[in-house]
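In what comes next, chain A is part of two complexes: it sits with chain B in the first one and with chain C in the second one.
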Partner chain A sequence: MIRIAPLLTAAAAAVLLAGMMLTNPDYNSAVRPFETRVPPGETGQTRLIGGRIEGWRTADRISFPAFGSLRQRDTQAMFLIVDLKLFGTTDSTMLRAGWIGASGRRYDTTARISGAFLQIQDLWLQPGLESKAIAIFELPEDEIAGGALMLSDRIDAPLDGRLRLAAPVDAPSHVDHLELDG
Partner chain B sequence: MRQLGWIALTVLCLALTVLLVVWPDLRELRRGKVWTVTAIDAASADLAGVTVSVDAARAMVLPGSPDRAVLYLRMGLAGQPETLRSWLACDIGLSDGRGRIWRPLTNVAGLEIIAALGDEGDTTNNCDQSRIMAPEDGSPSMSVQAFLVPSDLLDELRLRITGFAVRPEALSLPVRPVLRPPL
Partner chain C sequence: MSEAPKPTLLRRLWLRALATAGVTAAVLLSWWWKVEDARTPEDAPAAAFGAALDLGRTAFTPVALDWHPAEGKLVLSAVIENRTGETQVAVFGGPPHPPQLVLDGVPQDPPQIILRRDDEPLQDLQPRLSEEIALVWPAPPDWQLAPVRIDFDRQAFKLRDNLYGQSSWLGFSRTARLTATPGIVP
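Up next is the complex of A and B:
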């Protein structure tokens, strides 16, 4: 019995050590930004960003003025336009938005509507000031319902904050052709 | 008693190992942020061998959005060119009493604010350009910056400036913008 006790202790230590090694997160996981989950319609805040979803719409075609002429963009998927109200908290921040689809895939904002006003990738969020913005995505229709909008600092710095705003409960309104200001 | 000694030695070795591992990170953390701000009420002051001065500050409340104002700031950096280059990069912003920071606008809107509130023949340099292109004789190298800030904080805002290689030290100077009527 006296000899078994140290063996059991060593075995337990080995199991614990193996468990720690197997579950040890890799560097990117260990320093990934903290995610703040916000229920539909509510306002959330991280160290740098605060805001909420004001509404959402879908469209098959978007037109917008750019460089003195009207541009038109069609899609084989669907344009999703998310209307946001945002405010800065502690430091001027440039933003990055992504749509986490129902499947878990992440979609970045489209660059095909470059030139339309109020797009989130052009916004410079300032502390103490509220701003309206839109985030436009081009994605398959079945990725819209049940998705979420992810907002972060453009650098998406390690150990900083991300805001995950859940999609509204109501279905988005749909228009065939959406005209945006430029 | 002897066992306690071994345990104490193990704990000590563990603490030393942790310190050894985190030491570079602690140094990086210290350099990565502003921890010590020296607030001066004069229009100029020295920081790490460089004299920083606020030369002109003008503000305009936006007609359509009275809660926000644009602010033009002309400042000078004076010092030996090698000293200015040793800063590596400017870290500047306007700060309020709550520690919030407004950074210079580096987009088209910023250029428009500088054009609207600046002087004829103003330099177009920003802080980093003025730092790199400082005159050899040590005279002030001017730069202009534009900011978008809440209008109710105009009297409170201060310039907070440091360099990447100067952190954690920073300097805070009053801005005192002159209010201009909306265009």
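Up next is the complex of A and C:
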């Protein structure tokens, strides 16, 4: 009897430790920005930024002026263009936008349209001022419906705020060729 | 009926020592087999045109190797696909380990990486979208056409890496070696 007590204590400790290890969330799940989910068409706000989706459209080709000449970009998939209205709260902020596709993959704004006007990655958001911006993504068509726009400040720091704007209810309009201003 | 003789202390110790040594040897042997499995092979396997290579974040399929004598450059055409769940800026890992060209035993500078679709430098790679790219190396002025070697490195990924269970991209290891004679493009 004297020997069974410590054995039982050790077994109970092992079971407790195993339970803790199995249920402990991994680092990436535990240390991340606080996400605010925003329903379609509504405005959301975090500590530094706020905004809503004004509209969305898709295109097979995009042309835009850059360095005095017209550039054209095509894709084997599809370009998704999301129109946004944004505002800052307390600090001037640069932004980062990503599209969380239907599969859960994250598509950042494409760097292939560099030079087109009003792109979100070029915007300095100022406190108290509303700004219009577009976010352009290159992604397979089946990632669009059921996706969401993830909006954060450029650093997207853990334990800060992040907006998850749900996609509009209506299907996006489609054009073969979209011309953007530079 | 007489009682069985009790084993001596020396015999009991000997048997226990033998059992302990056996268990220790089994543990050490299995540990060493794991170490052997994890060791990087000294001779990387040969790569072939048309066969995909796992470089960690991307799958890289060499398509053709061409020598442009008029421009003095070697061009490796390839198809690359993002294997991760997010847009990749570091398509050849971080810090970047692009394929390394070795001419006459001398490693060359990193190549320029061109997205064929735009004929401009590749800046990022979206998930599920494979792209045709070209890796361009300027050849030394006195270089003559000969078989060349291109080494490929793979970056390791660990889902739960450290005390905190954080996922991490870790070190690089040589994953394949392509040896080929470039085709001439006039």
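Assume the second predicted complex is superposed on the first by the 161 of 182 C-alpha atoms of A that agree within 3 Å, B and C clash if a C-alpha of one lies under 4 Å from a C-alpha of the other, contacts with A are read in each partner's own complex, and residues count from 1 in each chain.
The definition used in the following text is that contacts are C-beta pairs under 8 Å (C-beta built on N, C-alpha and C of every residue); 3 or more make two chains touch, one makes a residue touch a chain.
These figures come from a predicted structure and were not determined experimentally.
Peer 1: Let's test your reading of the overlay: on chain A, do chain B and chain C clash or fit side by side?
Peer 2: They fit: once the shared chain is superposed, the two partners occupy separate space.
Peer 1: Between chain B (first) and chain C (second), which, if any, makes contact with A:74: first, second, both or neither?
Peer 2: A:74 contacts chain C only, not chain B.
Peer 1: For A:128, using the defined touch cut-off, is the partner it touches chain B, chain C, both, or neither? Pick first, second, both or neither.
Peer 2: Only chain B is touched by A:128; chain C is not.
Peer 1: By residue count, is chain A touched more by chain B or by chain C?
Peer 2: C
Peer 1: Classify the contacts of A:106 with the two partner chains as first (chain B alone), second (chain C alone), both, or neither.
Peer 2: second
Peer 1: In the superposed arrangement, which partner chain does A:60 touch: chain B (first), chain C (second), both, or neither?
Peer 2: Neither: A:60 stays clear of chain B and chain C.
Peer 1: Once the structures are superposed on A, label A:179 by its partner contacts, choosing first (chain B), second (chain C), both or neither.
Peer 2: Neither: A:179 stays clear of chain B and chain C.
Peer 1: Here's one for you: vertex at chain A, rays to chain B and chain C, all C-alpha centres; what's the angle to the nearest 10 degrees?
Peer 2: Vertex chain A, arms to chain B and chain C: 100 degrees.
Peer 1: With both complexes overlaid on chain A, what's the closest CA-to-CA approach of chain B to chain C, in Å?
Peer 2: 15
Peer 1: On chain A, which stretch or stretches are contacted by chain B in one complex as well as by chain C in the other?
Peer 2: Shared contact residues on chain A: none.
Peer 1: Show me the residue ranges of chain A that touch chain C in the complex, using the header's touch definition.
Peer 2: 24, 26-28, 31, 73-77, 98, 101, 104-108, 110-112, 114, 138-140, 143
Peer 1: Which stretch or stretches of chain C touch chain A in the complex?
Peer 2: 85-87, 115, 117-118, 123-124, 126-129, 159-160, 162, 164-167
Peer 1: Across the complex, what residues on chain B touch chain A?
Peer 2: Against chain A, chain B makes touches at 67-68, 93, 99-103, 105, 107, 148-150, 153.
Peer 1: Enumerate the contact residues on chain A facing chain B in the complex.
Peer 2: Contact set of chain A toward chain B: 89-92, 122, 124, 126-129.
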